[in-house]
Structure formats: structure tokens, C-alpha cells
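Can you keep this structure in mind? I'll have questions shortly.
To keep things simple, chains are lettered A, B and C as they appear, and every chain counts its residues starting from 1.
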Amino acid sequence: MAPLVELVGVGKGYGSATAVHPLSLRIGEGEFVSILGPSGCGKTTLLRMIGGFVTPDEGSILIDGRDVTRKPPEKRATNMVFQGYGLFPHMTVAQNVAYGLRIARVARTERARRVAEALDLIRLADLGDRAVSALSGGQRQRVALARALVMRPRVLLLDEPLSALDLKLRLAMQEEFRRIHAQVGGTFIFVTHDQAEAMSLASRICVMEAGRIVQDGTPEDIYRRPASRFVAGFIGEANLFEGVGSDERVRLSCGTVIPGAGAEGPIVCVVRPEAVTLAADPAALPDQCDARLFATVEDVVFLGPEVRTTLRTDSGAQALALSRTAGPLRPGDRVTMGWATADQQVIAA
Amino acid sequence: MRQALRTASFQLLPGLAILAGLFLLPLSYFFVVSFWQVRTFRLRPDATLEQYARVFTEYGSTLAWTLAIATLIATVTAAIAFAYAHYCRFRAGRFGDGLIFLSLVTLFGGYLAKIYMWKTILGGTGALNSALMALGLTSGPIPALLFSPFAVIVTLTHYCLPLAILPVYGALRGLDDTAIEAARDLGASGPRIFRDLILAQARGGLTAAFALTLVITAADYVTPLMVGGPSSNMIGLFIQSQFGNRLNSPLGSAMAFVTIACCGLIVLTLSLTLRALTRPRT
Amino acid sequence: MRSMAHIGAALTAIFMLSPLVILVIFCFSESPLLAFPIEGWSLRWFDKAFSDPQFTNAFRNSMIVTGAVGVTSTLTGTLAALALAKLPPRLATATAAALSLPVMVPPLLLGVALLTFYSTWIGLPLGLPAVILSHLVFTQPLVMLMISARMASFDHAAVEAARDLGASPIQSFFHVTLPMIGPSITGGTLIAMALSLDDFLVTFFTIGGGMTLPTLMWGMLRKGIDPSVNVVAVTIMGLSIAATLIGFRLTRYRG
């Protein structure tokens, strides 16, 4: 099946700075894709190129098999939810939502029906006559969403739509997005710098760094099998142990040799903190922990559902372990960190 | 991006045309004229500094007097404007907006009317003398109120004050209350806060207020003509008369440019002094 | 200390306002002498001024100049402000500074420079068209600055959203940009008109033989005491203050 959105060698620079290196990307019908990266990585430029607000320097963009590279935004089957919402301050909520339909000359009765439907979907059915200035941040956010959704776009583009909201509202809106995506279907492309948001919303994440897509996969894939040191560090917390790999074994910089297939030469061994088990006596570690490392406890913090132990390995690297119960560990204690090599990821450094 | 720049340059075209054709070009031409001469009532192109020499020899004392009185007026006006704006921003509470509104009311409307009103207020039978006599403070009218440098100072200060308040108030509004609280929290006393924060913040607005008043005052001729006496001849009168009955535009041009240049120097000096005074130190 | 500040501010306010108040009072005074106490009230000076053909003529000329200056400087100033919003910040600042240069030049210098330019170089006859052109120089930057101030807080995403929803560039300008900056444009226009209406110096040098309200007033002042000059002054003042206040109100300008 042909992809709904296809980017072929699309690149963009501003003056001497490159915002997006030529990249290709295929997004299928019904996907909820998140483009994730730190600020300045080119993710918003990428989204704005799909929306038609930025013309690429090279490459082409296809939507539904048709080349739209040079088409202005009003001629594209995409609609965007803007970071600052971009609501029309001189129109009411309903007028905002109806605007695109009026431009498209949708008949009045049909228009009223679709606006009501859209307001219903975002649960603001009673506020159609309100001025947008009288809305709260979360409500404005939802009006911006309704204004785009009422157009029934083939692709809905969302540019950091939740960044202006506080944490509680952000979590509630994430739930709303999931519900609305399930209800209306369609393809959503969602730009964010918040990895937790990307993980909780998207079925597919493209991680961007310095204008390149450095990894593209399911949230679980990206968490468990980060393709680079950057991805490992950006998505969740990770222990990064440097070393040298050869013959299915890894010699970490502290001298310890652990089993581990992967690259030859300098490597980074990525171990998620929840995969680490700590024990004062190495013999007490469970059998599946076939990789072991000596370390000194630096701090133990009780967080409720979990206990966070920061450690320093004998080679001086900082390490972190998350466990469900607090052991009798205190700062200064000598411990053995153990994990299953099945849970580690060895990446060429 | 390139598209946007192209649209922008088209949109700028009419504005820039007005600037170039009706301001830069006339002013440059007028400057060139200051090196010309008038012979047998006709303007002759030349490259002489004769007009400039005349400005300093024949009108030197008038120029100095004009600059002195203009500097005095600009200083007084900027000081009152600062005090008023400061009061509106920090002291007046909810009346602050109303007091600023009041200065807006008097901003435009009646350049001539204001000068003329001061003439009647300060006149022998005018409001001020009548009031002073009614209160029994003076037995007869004080003639020195009108046709004196005092009248010029009062009138021009009144005219320029609203224009001077606005930039100062605008600058003070940019200073938020938390910055002042932070300074207090860090141990700054009242006078320190005044110098390090308020004066530093108001510097731009204060300089603008001073410069505006100085330039308007130094080049005004209606006020000295209407309310100034024979002792308050200002350079504006002589500039104006070169285009009236004396028909010597080269000399008028030279006078105008010398006056502007002197104003520029005065503003520069003030601006550097204020900067040195309020410069943040580490 | 506190009460000193209150008294100082009150005195300043009285100082600023009293000449205007006294002028209005004199307009309604029966006596031709401008002195207190006022002995009787009448509207005769209004009758006298308004029935004077010179006044009607000057009023008409003032309206022509103000109207033409208002429309033209609004067009060029608004276009310039829209362009500034598109330029890179440093270029925009430099361009705005260049366009505002005329505001920093004293009107006397502007007047005599334009007089010399018109009459000895390009041969433009003095008169109302010359006055209108001259007023554009100092009113255009005001309109531009007031609209630029609005554009600084303008939500560009709203225009992009309109494009995204299918509006063409022209549609998005008329549906979104214009309604959003409209009040500022009207405000800028009114303030430009107030400035043009009140201008005496530049008009005086470029009008030749004709008259606007300020030059009429000047003529009356030079001739001697005619109390209907108060009415002319009040007309100029009333019109320009009204325009300024509505203008500032619309632009929500505060300092």
C-alpha cells in the first residue's frame, strides 16, 4: 500500500545553517507518529514543510501520491494545530471552527452540523458563542484542535500543542488526543520535545537530532533498543558504560568483562536503571544477572513507587538503579550491580 | 523567505519614496544651498563657507543665547517630565492612568493656541496678574511676566511637557515591580534603587525627552516673537526671516544646520554623562 | 515627603491643563477683553467666527489637507509597518529608524527646507498639494510606529492558521490580519490627522497664499486683538484633541 505522506530527500537550510538534512520518511494511513527531539533539532521545520509553510530547498513531498512540494498550505489536505494556537481573536469559538468551512463554501446547514459535531468532540458544545479571549488555556487548545479537525484533514499536524499547558492539563489533553484519534481515525503527526508525551501518545516515534532522523520505531523499540548514545540519553534514563567490544564479549573501562554481542571496537553499553539489581553480596544476585559490576552507593532516594539509588562505578562512571524496594543500603556501601545481558544494548561509540 | 522579503520591499516602496523624495532629498539640497550665495537677489551655486562664517560672527551671541535658553528649558522640562512620570508610575496608584491620560489630552491640539494663551495669561491684565492682585499679593500688574525670557521658558516648557512625559513614562513602565523588590531584597537602599534601576531604566526615555524639547525649543520662532521681549531674540527668528523679507536662504540654511549640529552635540554630551552615571558595575 | 510629591504632581497637572481651560472659558465670554472676572456669557464670538468667509475657507482647506494626509499616510505607513514585520529584526529596526527620522527634525527646518526645495529646485507651486506632500513626511512615521507596536504582539500563527484552513494570502489578509490590526490603523490615522490639522510651521512655509485654520489664526494674532481668534483656536484644539483621544483609545496606547 502506498504511504499517505512521503518525503523524498527533503532538506532545508537557513542561510549557512542547515535545519533539516535531506531525509526520507513514509507515513501510512491512520498512523499516530511523533517527531521527537530537543529544541533546534529541525522537527518543527520538518512539520512546517509537510504543512506547506516552509518550502524545502531540495527533495519532494507527496501526499496521497501527489507531489505537493510547491503547493501553498491552503492547497494541501493537511491541517495544523499551532504551538501558540493561532486562534482568531476577533471571532467567537464557533466562528473560529467554522472559518475553514466558510472558505471551502460548505453550505450553511452542513456547516452548522459539522461545527456542532466538532465542538461536541472536544466537549465544548456549550461555548460556541464565547469570545476566544474568555477561554482558558486548555479550552483554547481544544478549539484549535476542533478548528483543524472540522476540515477532516487527511493528515493532522500538531506542533507542540501541549507545551503551553501545565502538567495536569497536559496529561488530561494527552488522553483527549488518544480518544479523538481513536474516534475520528486519520493520520496524526505530532511534534514534541517531551519524550514522555511522545511515548504515551504515538504508535511510532521518529527521534531527531541536529536535522537528522536518528531513529524511527515503536516507542518500545526505541526505549529498549536505542540506536545511539543520544537516543539512549534522550529517551528515559540510562546507564551508559563505555568499553571495547570483541568476540561476543565487552570489556568495560573498569576492567570488568561481560558477555555482549555487538560492535567491534569502542562501544557504549546501555542499561536501563530498572534492569539493574543491587546486592551487597554478589552471591545474592539472581542467576539471570550474568553481567556484574562493582560500585559504591552515593545516594538513596525513596520516591514512593520506587527507590532511586545513585552509584559510582570503580572506573568513576555515574550509575543509577531503580528498584521497587529499598534494600538496607546506605551511602558509602560497596555493592555489586547486576543485570541480564538480554536487557542491555551495545552500541558502537 | 525570499518571497516574503520581496513582498516586504514592495510594501516599503511608497514609504521609502516619501522619505527619500520629500525628506532626504530636500534636506540634502537645503544643506548644499548653505554653501551657495545670493547675489543681486538670485541664488548662485558656489562652494563658500561665507554663510557659516557669518553665522558665528554676526549671530554668534544669538546662537549661544538660544542654546543656553533651550538647554535650560530642556533640562527643566525633562526634570518635570521625569518627576511626573515617576509619580504616575510608582506613587499615584490607580490615579496614574488618569494623570497620564491628562497629559495625552494636552499633547496635540493648539501649538499656536498654547502660545497665545500664555500671552494672555502673563499679560498686564491677564489671568495671573489679575489673580495675584485679587489675592493682594501685588499692588499692580507685574509687567516683567510677559515679553521676557521668563515668558519664553514658561510657554515652551508647557508646550513640550506632554511630549516629554510620554517617552519617560514609556521607559518607566518597562521596569517591573519584582525587579525593584529583588533589588531591595539584595540590600539596595532607596537612593541606590533610584540610580541603579529607575534612572538606568529611564535613561533612554529621558534622553529622548530632553532631545525632543531641545530641538523644538532651539528652532522655535513663534514663541519668542509672541511672548519674548526684545531681549529674547532667538536664532529661529533670524532663520525664519531669511525666508521672509531678507530672502537669503543660504544664510538661513547655514544657521539651521549649525543650530541642529549644536543640539546634537549637547544631546550627545548628556547621553554619555547619563550612561556613565547609570552604568552597571560588577 | 509624600505630600510634597502629591502637591508637585497636582501643580504639574494644573500647569498643563489651565491654559486650555482658560481658552475655553474666554470663548464664551461676552467681553472682548481677555480678563477675569468674566462679566457675562455669550456665543457671539462663535457666530462671528463661523460667519466669516475666511474662517469657512480655512476650515475647508484644513479638512482637505487633513483628509488627504490621513488617507495617504495611513496607506504608506500601514504598508511600511506590515513590511517591517516581515524583515529580519535588525534590518527592521534600522528601516524603522530611517523612516522615523523626520520626527526628530524641528518643523521650522523641515518647513524652510521644503520651501527651498519646492520653489528653487523642482518648481512645485506652493499651495494645498505642496502642504499635503509636506505633511506626509512627519505623519507617515507616526502611523507606522503605532501599527508596528501592534504588530509586535501580533499572533502570526492566526494568519498561518487561516492559510492552513484554505484561505488565500489575500483572503487571510482581509479575514484575519485586517480585523486584528484594524483599530490600530484607525487610531494611527486619527493621530496623523490631529498632527496635520495642528501643524503651523510647515504649512506656513509651503502654503503660499492660501490659509488653513492655524495660518488663519496666525494672521489674526498678528493683526491685533479679535476675540473670535479664541473660537478658531478652540476649533483646532477640539478637533485634534478629539482625534488624538479616540486614536489612543483605539490603539490602547499607554505611554
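Here, a residue touches a chain if its C-beta (ideal position, glycine included) is under 8 Å from a C-beta of that chain, and two chains touch if they have at least 3 such contacts.
Just so it is clear, the structure is predicted and the values come from calculations on it, not from any experiment.
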| item | value |
| --- | --- |
| Other chains in touch with both subunit A and subunit B | C |
| Core chain by centroid distance, with centroids computed from Cα atoms only | C |
| Length of the line joining the C-alpha centres of subunit A and subunit B, rounded to whole Å | 59 |
| Centre-of-Cα separation between subunit C and subunit B, whole angstrom | 18 |
| Distance from subunit C to subunit A - Cα centre to Cα centre, in angstrom | 55 |
| Footprint of subunit A on subunit C - complex, ascending | 155-169, 171, 175-176, 179-180 |
| Contact footprint of subunit C on subunit B as seen in their complex | 4-5, 7-12, 14-16, 18-19, 22-23, 25-27, 29-30, 33, 43, 80, 83-85, 87-88, 91-92, 97, 99-100, 102-114, 116-118, 120-121, 123, 125-127, 130-131, 134, 158, 161-162, 166, 169-170, 173, 211-212, 215-216, 218-222, 226, 236, 239-240, 242-243, 249, 252-253, 256, 260 |
| Residues of subunit C touching subunit B in the complex | 2, 5-6, 8-9, 12-13, 15-20, 22-23, 26, 33-37, 75-77, 79-80, 82-84, 86-87, 95, 98-99, 101-102, 104-110, 112-118, 120-121, 133-134, 136-137, 140, 144, 191, 194-195, 198-201, 205, 214, 217-218, 221, 229, 233-234, 236-241, 244-245, 248, 254-255 |
| Touch list for subunit A against partner subunit C, complex | 51-53, 72-74, 78-80, 82-90, 99-100, 103-104, 144, 147-148, 151 |
